[in-house]
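Handing you a structure now.
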Amino acid sequence: MGIAESILLTIATAATPLLIAALGELVVERSGVLNLGVEGMMVMGAVCGFVAAALTGSPWLGVLAAIVVGALFSLLFGFLTLSVATNQVATGLSLTLLGLGLSGMIGEGFVGQAGQKLPSLYIPGLSDLPLVGRLVFGQDPIFYMSIALTVGIMWFLFRTRAGLTLRSIGDNHASAHALGIPVIAYRYLAVMFGGACAGLAGAHLSLVYTPQWVENMTAGRGWIALALVVFASWRPLRVLAGAYLFGAVTIGQIHVQALGYGIPSQLLSSLPYLATIVVLVLISRNRRLTMMNTPASLGRAFVPDR
Amino acid sequence: MRVELIKRPQQSALFSAVSPFIALALTLVAGAIMFSLLGKSPLDALYYYFIDPLREVWSLHELAIKAAPLILIAVGLAVCYLSNNWNIGAEGQFIIGAMAGSILPIIFPDFQGWYVLPLMLLMGIAGGAAYGAIPALLKVRFNTNEILTSLMLVYVAQLFLDWMVRGPWRNPEGNNFPETRRFHVDAILPEILPSSGRANLGFVFAILAAIVVWFLVTRTLKGFEVRVLGSSPRAGRFAGFSAKKMVFFAFMLSGGLAGLAGISEVSGAIGQLRPVISPGYGFAAIIVAFLGRLNPLGIIASGLILALTYLGGEAAQISLGLSDKVVRVFQGMLLFFVLGCDTLIHYRVRLVGFGAKPAVEGA
Amino acid sequence: MKKIVFALAAVLAAGVSVPAMAQDKIKACFVYIGPKTDGGWTQAHDVGRQMVDKELGEKVETQFVENVPEGPDAERVIERFARSGCAIVFTTSFGYMDQTLAVAQKFPDVKFEHATGYKTAPNLTTYNSRFYEGRYIIGQIAAKVSKTGVAGYIASFPIPEVVQGINAFTLGAQTVNPDFKLKVVWVNTWHDAGKEADAAKALIDQGVDILTQHTDSAAPMQIAEERGIKAFGQAFDQIQAGPKAQMTAIIDTWGPYYVKRIKMVLDGTWKGGESSWDGLKDGILTMAPYTNMPDDVKKAAEETEAQIKSGELKPFTGPITKQDGTEWLKAGETADDKTLLGLNFYVKGVDDKLPQ
């Protein structure tokens, strides 16, 4: 395995959880809901995935458990913001707080245990191809899911009737309601999908990236996923590009350090954040373009009139 | 079964007053269940949470220390949120304010006198306001989403502080540990009642800020402008208000207050700069702002309550051996219940059964 | 609702059942910076606390608060301990230094011990562990086992303790191979498994075949195992994470120290104002079993360990040249503790610029 291929693989691993969590949040936000609880749902997915894998001996069941728990946990947010019309920003932040605490409780007995790693794909011959072999044919299953999700969500949002309906709810929930669309039901499904994705992203952390459980192991990745959604101006393909760009900058700064140039590590560590701001500015400068993609009802509570 | 909300014609005065108590009661019940499941006496646990920290005077001082930055930041955020500006980067403004205010005692330690502290406070406010102006500028000039830029700037501020404290500003007599020199006497925020505890003027600032901002929001034209632009930008434009100026006003006010909180914390409770000076006050304050329903006076209460759960959590850890995670879960539950119950102020709630028969009707 | 109010009132009236504590038991209290199950620094202290429970349980009761941020929160927790009748309070993070001192001055009858700091008082002692002794040994092992002659070092923050480790590792390696190189990556965190894993992969991609870390998670060990290179564990025996990769680990063992000090409180011989900096010989750090290496390397490592224990070998003994080429220690000269505790420069051979 050459160094270039190896670095690309590292970037893919770093980008995958960001990509999956961001894609889930993208669907949620397209429906007009802002869920700031990604970090909390992700860490719940990580711990439940790990615990389920440890108890059953099957990392696949761990992945399943993480998805289910992520979706269920997001229901808490969904119920409060959709059925009880609480403020989405505050509820999302509370969800993160709760998730970080609850995951610590659940995982208390599992710290320091060697985890099970989800096996990577290996196709004799193909996986050994130079340069692209491992990248295309030798990665972990969740990587392939992340690519499938990207394509699937693109197709769903822009090629299906349900996707169109979802976007129209995000743009104007009142008129969608007037047309007889079940706004709340759609949003419940979107929120749960976002939770499931965050759970899956968490499972990637505790079953692929670093197969172990440590408290707060998401370490802010949920927040970066949130940033990616806006960075991508709510477009799935741009989320993919953003996640890989972010991964590349993160990994790149480590390589620069290891080469011993002596640039302050804090400066390098802040590069991804500064880059995000710059790209945000560049993208949003074109007002018309942004307006076209931004879900206009984002973050606003919707209560149907009778 | 599903929940149905019916908008009230006007806010319910009854539920405005009662909903916090309903939320508290629900939290107590849910907490009691959780503590019993963990094998602890629920009454003991609740006692240590809510009563024990209030029994002694020194502990009340500690409560004030913990609540002061939360209230100061949340009051500024309330103005932001009322005017529909989503600043979630108060943590960064807190840090930059603290750093700006610390320039005097760190770089010019020989510059001493009674005037040092007021200057530091002003520089802290200016630093926070300037840092808050960045997302405002980006929003106005480039239409950039302020939630994201303000959040990204938090990380940048944290890393900047880290670098300064480990590098240029490191204490020359501190064995190379990552902290600045300790502030001289003139740069320390005085304590309110030194004989009984450590609480410093930061708490006084917090209360004053809350009262001033409350007056501003409810009794002045500016406050009217804030609320009009927040609830309906179009109406605001017709009224001749500038949405752009409001963005700057809201961000710089909340940034300035966060900066004041930062320099008060550093010059009061800490006495020097360190790589980390805030355990997430800027984020906790968002919750405080909403718990206080974006009302500056309500924020005083919610800030004190959130601070109490931290102190109570420690008491429960020490006395009952409850883990720190339980503390955070309990906080999360409290927040959910409070947020949920506040809905009752604006809406009637009906549970609609499968046969569409109203089951419960909330007043 | 009403019932609860009544019940609460009843409890208040009756006085809450304070956890039973026999009269002759003393309390030993611990303030932790992280969660007690962090798999690293804090957990090592908590294992030490549990040893106190086990060995002195009849005479001592232990209490702790975890996840205490440095600053005003720490001062509050320490003061609460002091007020609640703790006989001795251990504060286990460098950043608690000034807060521990402030509370110690306020409560002269309570005894305090602060880990890794340098400020003392008549009732405040500091304690620390010479982790660098272990790092000297693993440096030697690394140089003997490495084929590429380059090792990777995943570092947290450039504080003296970490710089000591990097220097000791390099000095140990140079006794075997004077040209041995060390690549350092600063991750600016004690605990982010993902970041540590990224750093490990990057270092391996750049050609290191030995990994060592001064961060808390077992992620780098897992990566080493996966990529088939060798590594050293940190704070805990990480053999589970790297059954084929781990050659040894530097294990923090605070228990014996805690037991010793609390016994001194019990029999009245505890003294304040001291700074204790124990090493391998005192058992405050221990080496995990030497495995996954040739027998001669193992033998050499055991010999070095024995020499350090007997005091025959001190890692920071001259001649040592600083990275910038100037002389630090003359032949035979040994670094004094004060310099080591404030160490802020590299020795020659470290392929990194120390963040200043």
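Note that the chains take the letters A, B and C in the order they are written out, and that residue 1 is the start of every chain.
In this text, a residue touches a chain if its C-beta (ideal position, glycine included) is under 8 Å from a C-beta of that chain, and two chains touch if they have at least 3 such contacts.
Keep in mind that this is a model prediction, so the values were computed, not measured.
Engineer: From chain A, which chain is the farthest off, judged by mean CA positions?
Structural biologist: Result for max centroid distance from chain A is chain C.
Engineer: Could you tell me which two chains share the largest number of C-beta contact pairs?
Structural biologist: A-B
Engineer: Between chain A and chain C, what is the separation of their C-alpha centroids in Å?
Structural biologist: 35
Engineer: Averaging only over C-alpha atoms, locate the centres of chain A and chain B and give their separation in whole Å.
Structural biologist: 28
Engineer: Multi-chain contacts in chain C: which residues touch at least two other chains?
Structural biologist: Answer for chain C, listing residues that touch two or more other chains: 35, 188, 355.
Engineer: List, in ascending order, every residue of chain A touching at least 2 other chains.
Structural biologist: 104, 108, 264, 266, 269
Engineer: Please list all residues of chain B that touch 2 or more other chains.
Structural biologist: As it turns out, chain B has residues touching two or more other chains at 159, 162, 167, 323-325.
Engineer: For chain B, which residues count as touching chain A in their complex?
Structural biologist: Its residues touching chain A are 2-7, 81, 86, 88, 138, 142-145, 147-149, 151-153, 155-156, 159-160, 162-163, 167, 283, 286-287, 289-291, 323-333, 335-336, 339-340, 342-343, 346-347, 349.
Engineer: Provide the residue numbers of chain B that touch chain C in the complex, in ascending order.
Structural biologist: 25, 28-29, 32, 41, 43-44, 46-48, 51, 56, 58-59, 62, 65-66, 159, 162, 166-167, 175-179, 182, 198, 265, 269-272, 274-277, 279, 310-311, 314-315, 317-321, 323-325
Engineer: Can you name the residues of chain C that touch chain B in the complex?
Structural biologist: Those residues of chain C that touch chain B are 1, 4, 7-8, 11-12, 16-19, 29, 35-36, 63-67, 69-73, 75-77, 79-81, 83-84, 94-95, 98, 118, 157-160, 188, 341-344, 355-356.
Engineer: If we count contacts the way the header does, which residues on chain C are in touch with chain A in the complex?
Structural biologist: By the definition above, chain C touches chain A via 35, 37-39, 43, 152, 183-189, 191-199, 201-206, 217-219, 222, 236, 240-241, 351-353, 355.
Engineer: Under the definition above, what is the set of chain A residues touching chain C in their complex?
Structural biologist: 3, 6-7, 10, 14, 104, 107-108, 111-114, 205, 209-212, 214-217, 219, 221, 250-251, 254-255, 257-262, 264-266, 269
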